[in-house]
Each structure stands twice: as C-alpha cells, then as structure tokens.
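The two complexes that follow have chain A in common; it is paired with chain B in the first and with chain C in the second.
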Partner chain A sequence: MTTPMRHILTLDAVTKRFGDTTALHPTSFAVEKGEFLAMMGPSGCGKSTTLRMLAGLEFPSDGAIRLWDRDITDLPPWERDMPMVWQSYALFPFMTVAENVEFGLKQKGRSTAPARRKKAAEWMDRLGIADFARRKVDQLSGGQRQRVALARALALEPEILLLDEPLSALDAHLRLHMQSELKRLHRELGITFIYVTHSQSEAFALADRVAIMSEGRVQQIGPAKEVYRAPANRFVAEFVGANTIFAGKVLPDGGIETPLGLFRATDGHAPTPGRQATFLVPADRVTLSAAPLGVENEVKATLLTEEFTGSFVTLLLELPDGTEMKVQKQQSELDRLSLDVGTTIHASWPAEVAYVLKEDQ
Partner chain B sequence: MATPKRSRRLIDGFAAFWAAPALIWQTAFFLAPLLVLISMSFWVVRNYRLTPDFVLKNWERMFTRDYFWAAYLHTFELALLVAVLASVIAFPASHYLAFKASPAARRWAMFLLITPFFTSYLVRAYSWKIILSTEGVLNVVFGWVGLGPFEMLNNTFGACVGYLTLCMPLVILIQLFALSNVNRDLIGAAHNLGCGPLKTTFTVTIPAARVGLILAATFAFILSFGDYVSPAYLGGGKPPTMSILIVDQTKSGNHWPRASVVAVTMVVTLITVLFTALFAAYGKPGGKK
Partner chain C sequence: MTASRWQAAWTVAVFLFILAPIASIVVFSFNADRFPSLPWGGFSLTWYEAILTDDTVRAGFVRSLKVSAIVSVLATFIGFATAYTDYRFNFTGKMPYLALAALPPTVPVLILGLAMLSFFSMVNLVGTLRAIIIGHVVICAPFAMALIRMRLADMSPDIEPAAWNLGASRWRTIWSVTIPWCLPSIFAALAITAAVSFDEFMIAWFVSGLEETLPVRILALLQGQVSPRINAIGSIVFFISVTLAGLAQLLATRRDRQS
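On to the complex of A and B.
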C-alpha cells in the first residue's frame, strides 16, 4: 500500500443507486495530486454520476470519498472546493461576464471587493475574455462562454477542477483549440483535473490516466497507451481503439483455433490450452496484400468501405465468417494496392501484435 | 432549400387564416367595447337618459373630486398589496413544488390548483363570510382558546382574503411554471461555487425566474385592481374601490358617462402597469431580452 497522503482524492467503494437501478457499482480508485484523469464511457456508464458525487451534487448510497485524508462523503457542495465546468456552461444569464467570474469568490467571502475584482480581472485576462467583462453572457459565442466558465471555476484557485464534457457543445475546430488550451492550463497551474468525456480522442489527447467506464463500473484505469495496447477486457477492447476481436479454442501448442483458421497470439496474457481465448488485432498493425503471402495469421477479406480521414484511411473488411475487420493505413501505402469496394485482399499480422485478453472468469 | 415565394405566401395566408378568429374575437369584444366606453365618457345624462354628446365635464367632474382620487389610490394600494402578498405567500409553495416535490405530487398539486376555477368565484368569496364573520368558524375556534372575536370582515383584511382567493392559484401556477423552467445546472453551479441553498434562491433562482415571477405578480395586480366581489362583499365597500365607484355611478342617477370615466381610467392604469411590468421583466416592452 502507498501512503494515503499521496492521493489527493480517494474513492472507497463508492456506490450510487437511484431507486432500483444502480448507477455506480462499488468503485474504488485514487487520484494523484496534479494528475489529469479522464473518465470516459458511453452515456449512462456512471461517469457523470461519479463526477457529480465528487462535487457533492449527488451523494453516494454507500462508500466514502476522501479529500487528502478528510472524509467529504456527506459534505454539502457549497462547502467543497471543487469548482466544475459544465457541459451547458451553466453561466448565470442575468449577470455580466465579470460578475460570473467573481461569483465564486464572492460566495466564499475570502477577499474584499477590490481584491475580488482584481483576481477576476486577472483570470479574464488569462483566458482572453477581458474585452467582454461588461457583456451579458448571452452576447457571447460558445467558445467565449466556455472561457468564462473556465475563468469562473479557476478564479477560486482550487486544488481540483472538475470538468463535465466541457467541449462537447463546441464545433470540431474550436474543440481542438480548447483541448490544447486545457492541456496548457493544466501544465501551467499544476492542479488536478478530473474530466468526463465520451470522446476517446479528447481523453487520450489530454489525460495522464483514463478510466474507461461501462454499466456503472470502471472497466480499466491507466495511462492512455496502456488502455489502448493492453485492454483489460472485451468491452475496453471494443470501446477504445480500432481493434478486431477474434475468439477460439486454445490448442496444446498455444495456437488458437477459430472459425477463420488457426492463429497465433503472443502479446498479453498466455492462452491456456484447452480453454477459450479472445485476442485482438490492432487496426494499424495489419499488412494488406493482393496475393496471399503464405505467412501465419493470414485471412482472406473483402473490402466493405473506405473512410478517408486526412493522412489516415480506415478500411472496413469483411472476413469469410462475416466478422468485420478494421485496418488503418497511410494513403501512400494503399496506392500500390489499387483497392475498390468488393476487392478481395489478404490481411496478415505478426503473432507478437495480437493481444490475448485476460480469460473471462 | 429555400421555399419558393408563392408557396411561402400560401403558408403565410394559411397561418393568418387560423389566427383570424382569435384576433376578430379580441377586436369585437375588447377593442370595440373599449372604444364605446371611451366615447361614452364624453356623453351626458339628461333626465336620467343617456344622450350622446362630446363634453369634457364628466372627466372634469370626476378628476376634481377627492373621493375619486381616494378610491383610485385605495384600489391601487390594495392591488399592489395583494400582488406582493400573493407573490410572497405563493413562492415557498411554488418553489417546493418545482424543486422538491415528486413529479406525481406536482401533477396532483397542479390539478388541485386548477379546481378552484371550476366553481364561481362569487360563491367562493361568499363562503368566506361563514368562516370570517364575528360568529364564524374562525372566531368560534379563537373563542375556545380565549381569543377574539376578531373583526375579519368588512375591512381590508376581509378584502385581501377575497383577493387572494381569486388570484392565489393562478399566481402559484405561473410561479411554478417559471421555476420549473429554471435551468437546474444554474442552481448546481451556484452550490458548486460556494453558495448555500437559501442564498442561491435569492441570487440565482429568483433572477433566473424573473420574467414569470413578475408576470405572476402582474396577474395578481390586474385581477384584484378590477375585482368587485371582494371589496364589496368581504371588504364592506368602505372606502370604495374603483369597481364599487362604477356601480355607485350607474345605480345612483344612471350616470354611465361618469362610470365610463372611472372604467377608462382603470383600463389606462392597467395598460400602464402591464407595460411597466413587461419592461421590468424583459428589459423592453413586449421585446425579448
């Protein structure tokens, strides 16, 4: 066990039930000071509920939340110092930008009015909204509102900043821009960010660690690369990354017999002979060829669709048993294959990139 | 794709067609009588007979009498008092229903708030007499604990009870709708930024629901400013309100022109109050914020 003082925030078997439904099964994890943690998952996975419990806007049905070594499980929200940036921004429409930014400082009553104004001005300056200080919120664009929401939360100079899908209401271009701005703020301020999102690209681009959630449980928590390369279970494997998943029976020599043939997978967990094993093939590690190469781990496939996204092309192939396989390639690599929808090609991958998932219990 | 000009005109025509009945109704039964009322205020009464004319003496007569201004001020003060009282008394109930009550309880409450409109307001006002009179239910109960009897009829208190009977359900309903439309995230954000529940109500919830709250108070003002039943039957008619003044003018001497002067003054007052309220609510009359 590590010393409890290292963790700024600890969730200990935190559970949330709404009537008969369990929004969050007993969940335990800890957040380190200065960390950027992203909670990611499909809607209804419990990520927002978890964040709201941290803010005190919901209370756990069971379990405990600790800030450093202080139990804050039942502390009302107005006594916590965890300002939140809302998906809807939740700016007060009847106040000016400056009044919004000052709001928290005023409520906490920590400083005099002139000191408050000075501090609010500093944050508005820092976030590039000083010019709008006297405007009403409804006269601002989405991006400007986002900055006001950030300034309002950061003006309190908290140890922990909570962010609930803060970028989802912005258009794609602005989202990328704000993403880098958030990253810069996190680096400069050195405070802890807890960030809820359903966007994998956001989570992976921003976070030190990612918690993948589904059906009220944390499925995996770890650095983005680890979650991506070594998913803890089938859900994570399907949810993150562009993987193709195969399952079959493990032969005595370690080969895996699937409806598509015999494969070898040497990354991840060692398959147990005689048992079922599931392994995944990352989309960016697949080799395509017009004629069979005659290597191990090779399948025949038909091209279903081709999606061009800038420098990368994502191909969707159909394997003989109906499985869909995702493959990512550089455009330049594809030129020599002259592919059309319906073309038959051969896909292969080395055994050491095929990752065997932990056996289901 | 842009709609072609001709079919757009067709759509506009269709909308206008269906809008017409309501607009015609308002014109026929509000605007036209109002114009008749205004013109009648310049007529004269000869030998108890109404005679069309164009003289200013009705206006002079009313506007130079102290009792007219006393009644005007009294009515205005009463309506203002009721608007404030109704708003303040209704708010905790509306707030509870909007934020604390379960959806089922809220639906029941809305149903119960609408049922008073099933029965005549006159009957409801009259039934207060049984409760409020010197030998009434309330005074009997007070008598048991050695209090009273209290004079609760034929005074401002009695009138206010009647006014509140008239407007309270509507005030609660309008406030309830206003509060239900407040973005819950704003309240969460206030709590999140260190603002306790009571303070949040005043610094965030009320400003966010401002338009509806002002509208509710305005309705209370308008309903009680023009009401005749409460001041006459529960308030005792002394000092008279504007509505009682109208009845007095028509009963004694059949003086419809003077009654018209009172009525026109009331209409102008209400329009002024309504525009002031809308201005306060939206920032400019009839406009959006």
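On to the complex of A and C.
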C-alpha cells in the first residue's frame, strides 16, 4: 500500500451479502485519479453489485469505501458525486432532452437557472444532441438516448463517472462508434471512469486496467495486456483470450508429463518438480504443419471447424484425448496447408510461449 | 349473417339492455306528462325547473359536490402513498398490509354503513359532513391505489435510483420524478374517486343524518311520491358520473411510451 492520498477511490475489504448468498467476497482495490477501470466478468460475478455500492444504491455488509481519504461507505446516493450511465439509459421519459441534462445541476442547486441552461447547452453541444434539446426522450433513437444519458451525467462535471454496461443495448456498429467516443471523452476530460461490462473487446479496447471478476471475487486486476498474457489463474486463462489449457505432473527436469505427452513450458511461474502444473498455450502462437516437425511441444490434431473472420481465421482442433485447441492464423499462412475439416495436422509451439499458471493454493 | 355480425348484434343487444332504463329516465325527464308513460306528452323542462328551485335538492347537490371533491383528494393521496409504499419498499407483513388496503370495497356496503354508524355514534360524528367524508375515503382509497399501482408497475426500476444518483433526495425524487410519472393515473384516481363518492348511497344514508347528500335526497323523494323530478335528478347524476368515469378511463389507459 502506498500513501492513501494517491488513490481517488479505495475499496477496503468490501463485502456484500444478500441473505445467505455472498454477492461479493471481501474485495480490496484502489483506483487512480484519471484511470479508466473496467470490471469484467460473467453475469452474477459481482461487478454490478460493486458498481451499485460505489453509487450508494447498495450498501456493503462489511468493509469500507473511501473517496480520497473520506469514508463514503454509508453515504446516501444523493450525497455522492458519482453520476452513473445506465444500461437502460434510465432517462426521465416525461422530460425533454434539455430537462434531463439539467436535472442533476438543478438537484445540486449550485447554480442559477440561466447558468444551468448554459452548462446543459454546452454538454448537449459537445455530445451532438443540441438539435434534440426540445424533444421528449421517447422520440429519440437508442444511440441518441445514450448520448443524453452521458450528457446528463457529465453535466455535473464529476471526478468519477460510473458506467453500467452502457453500450450493450446498442447495435454492433453504433457500439464501436460510441466506444471510440467514450475513449475520446475520457482522454479529453481526465475524469476517472469505472466501467462495468461483460464484453472482453470493450474492456480491452477502453480500459487502462481490467478487473476480471467471477463468483464474487476479483480474480485479477491489471493492464489488459498483462491479464491477457499472464493470467493469474485458470478462470482468467479460460475467460480471457483464446488459450488452450494443459495440466500434468512436473518431472524432476522440469518437463510436464500430460496425457498427451511430455511438454516444456518456460513462461510464467516455475513448475515445482513432483507437483501438478497447469500451463496454457495462446492461440496465436501455435505453428501448424502437415507433417510432424519433430520438435518439442508437438501434438497431433484433427481439424474440427474453421471460422473465417476477415484477415484472421480461428481454427478449432481436437487433440487425441478430446481436448479442444484454438489456433489463430492469418489467412495467407493457411493457404499453403490446404486444410479440410477432418484433416490430421500437427501443432507445435515454443516452450517460451507456454505460460505456467501459479500453483493452486 | 356471419359470425362477426352476430357478435356485433349481440353486443348491441347487451348495451341496449343495460342502457335502456337509463335512456328512459333521460327521455322521460323531458316529458311534460305527470306519469312516465307513452304516448309522449310533449317536450318540457318543467321537472328540471322544479328540482333547481327545490332547496333540499340543491342543498344535497352542493353537499355531494363538496364531499366528493374533498374525498377525491384525500383518497388519491392515501392511494398514492399506499401504492408507493408497495412499489418502493419490502417489509415483513407487506402482504397483509396490501390485503388490508384493498379490503374495504369487498365488504358489503350495508355492513360497512352499519359499522360506521355505530362507530361514528361512539365518537359523536354522526350527522356531520366529516362522517360522510371519512366513510367515503375508506371505500374510495383502494380504487385510487389500484390505478396508481398499475402506473407505477410500468415505471422502469432504474428511474428513481437514477434521480438519487444525480443528487435528488428521496423526497425530491418523489416530487420531481415519481409524481410526474404517475400524473395521468393521479388524475384518473381523482376522477374515479369523485365519481364513486358522488354516487355513493348506503354509507351516506347511514351516517349523514340531516346532512343529506344527493343520492340520499333522491331516496327520500322516491319514498314520498313518484315524481318525474326524479328523472331529472337521475339524468344530472348520471351525466356527472359518466363524465368522471369516462375521464378516469381515458387518463388511466393513456400510456406514454417508455424510454
């Protein structure tokens, strides 16, 4: 732990129980000022509960939340300056766009009516919704509503903006567009963004740091690249990226004996001889060949499916013991292999890309 | 005839059956003859003149208007409070609480009227407008609650938290978000409770004493003599009630598209 003043937001052993079920096990992490943090995980992993506790819509059963050095654990939502952008937009349907954007300013009562109108107009302008100012929100499209929701939250000029799956109700094209817009806003405003999503591509594209959550626990928190290349445990390895996971017994010389043969893995944690070890092979680091190359870390495989996505192709192979292996290749690399479904092929990878996970405690 | 034509004919027949007595009241209220019989004795406003100059009828009418105005406001307020409690909070005993709140219209009015008579006589309220008002609020509030509850059920669960999140306290949220959202149903509740109170006879008959409301006055008139004046009063009461009920229906079924 560094000096407490460095972090804008600190969660200290925050826990949430609903009756007998624990939605969030004791969780501690800190957020830096100006950071874009994404919380990602499958539904029910505790990411939304965490966000709702930050907003004051739920209260922790245990632990503390601090804004700078102020304890805000029990502060009601209206006394926190952490506006939220909702998945459902949650706009006020009986108000115009301008009234929606002004709402927060009016509640805070910090400015006069003309000043409020001016500020709201600035934000509507900035988000490209000034033309709709007089319209009721039910006359807007999904993308326009999302902009109103953003303007309504940002008009308060907060230090922290909370975003709860803000793009998941939009269609794919609009989502990409809003994604770059969010990124731009974050860069220009220097506000801390805390972003909840179940989409890996969103989290990785937007965030400085990603918190991977599952079953009420933060499994790993770190920069996207680190989470991708060096997953902290099996869950993260399976959830993030396209890895194939192998497990086996570690031999005295460091080799790992698996049902598929002997492998060497030198990235990540050093395997302990005599113990079980789990390692993963990233899909984009696998070499394919028609005939065996006779190198270490080679397996025979059968092609199951081939998924073409633009310049990249994702292949799904079946290994002799039934394990499925994902391989990503450029289309140009594949042309020389002439693959058909059912073809037998050989996959190999260098020992230094095989990442050994930390041993289970 | 096709099936749909039979259906249409059947519908018309049902409406005729329901509306014929009311229509005959309205028609004969303009009949010059003393007795409501055919042939038609010529158009006349005599009976309307008669009731408008009858002080007891006028006093009853004014009293009914006063009572229904006050009742509609009180019952709608209580109805909103009950519906909101149900929407916003979870608490032990919520089921019995709601059952109790919806109970009064299911009790036969005769029993309700008798019970109120004996209760009000204990607290010395019999024969006052206040007694009628309290009695009517009891039977009207559940209608208001039902209407407002329906509207609240359509409100996105994120709307109120969104207002809190933007700095509005609970009370300010109710005032600036929840009530505006419920407004159509609040107006509908005002109209329907006013109509129920304006029409209500049994409770008023038991507890009103000398403070007769219009329905009570009508019965007194009927008991004395069969006069075409009854038709005139009936027509007026009918149009007031139908207007209020129609207004309520219009407001309650109007749906804003939700965001």
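The rule is short, and it goes like this: the second predicted complex is superposed on the first by the 361 of 361 C-alpha atoms of A that agree within 3 Å, B and C clash if a C-alpha of one lies under 4 Å from a C-alpha of the other, contacts with A are read in each partner's own complex, and residues count from 1 in each chain.
What we mean here is this: contacts are C-beta pairs under 8 Å (C-beta built on N, C-alpha and C of every residue); 3 or more make two chains touch, one makes a residue touch a chain.
What you see is a predicted model, and the numbers here were worked out from it, not measured in a lab.
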Check: Putting chain B and chain C on the same copy of chain A, do they fit or clash?
Finding: clash
Note to self: By the touch definition at the top of the document, which applies to A:R145: first (chain B), second (chain C), both, or neither?
What the structure shows: second
Margin query: With both complexes superposed on chain A, which partner does A:V137 reach: first (chain B), second (chain C), both or neither?
Written below: second
Notebook entry, point to check: Touching A:L176, do we find chain B (first), chain C (second), both, or neither?
Noted result: neither
Item checked: First, second, both or neither for A:W78, with chain B first and chain C second -> both
Notebook entry, point to check: If you stack the two complexes on chain A, which partner ends up touching A:I245: first (chain B), second (chain C), both, or neither?
Noted result: neither
Margin query: Just checking: does A:L260 make contact with chain B only, chain C only, both, or neither of them? Give me first, second, both or neither.
Written below: neither
Next item on the list: Determine where on chain A the residues touched by chain B overlap those touched by chain C, and list them.
Entry: 55-57, 76-78, 80, 82-84, 86, 88, 90-94, 103-104, 107-108, 138, 152-153, 156
Checklist line | chain A partner contacts - residues on chain B that touch it in the complex | finding: 183, 185-186, 188-197, 199, 204, 207-208, 210, 289
Item checked: Complex contacts: residues of chain A adjacent to chain C -> 55-57, 76-78, 80-84, 86, 88-95, 103-104, 107-108, 137-138, 145, 152-153, 156
Checklist line | List of chain C residues in touch with chain A within their complex | finding: 156, 158-159, 161-169, 172, 176-177, 180-181, 183, 256-259
Checklist line | Of all residues in chain A, those that touch chain B in their complex | finding: 55-57, 76-80, 82-84, 86, 88, 90-94, 103-104, 107-108, 138, 152-153, 156
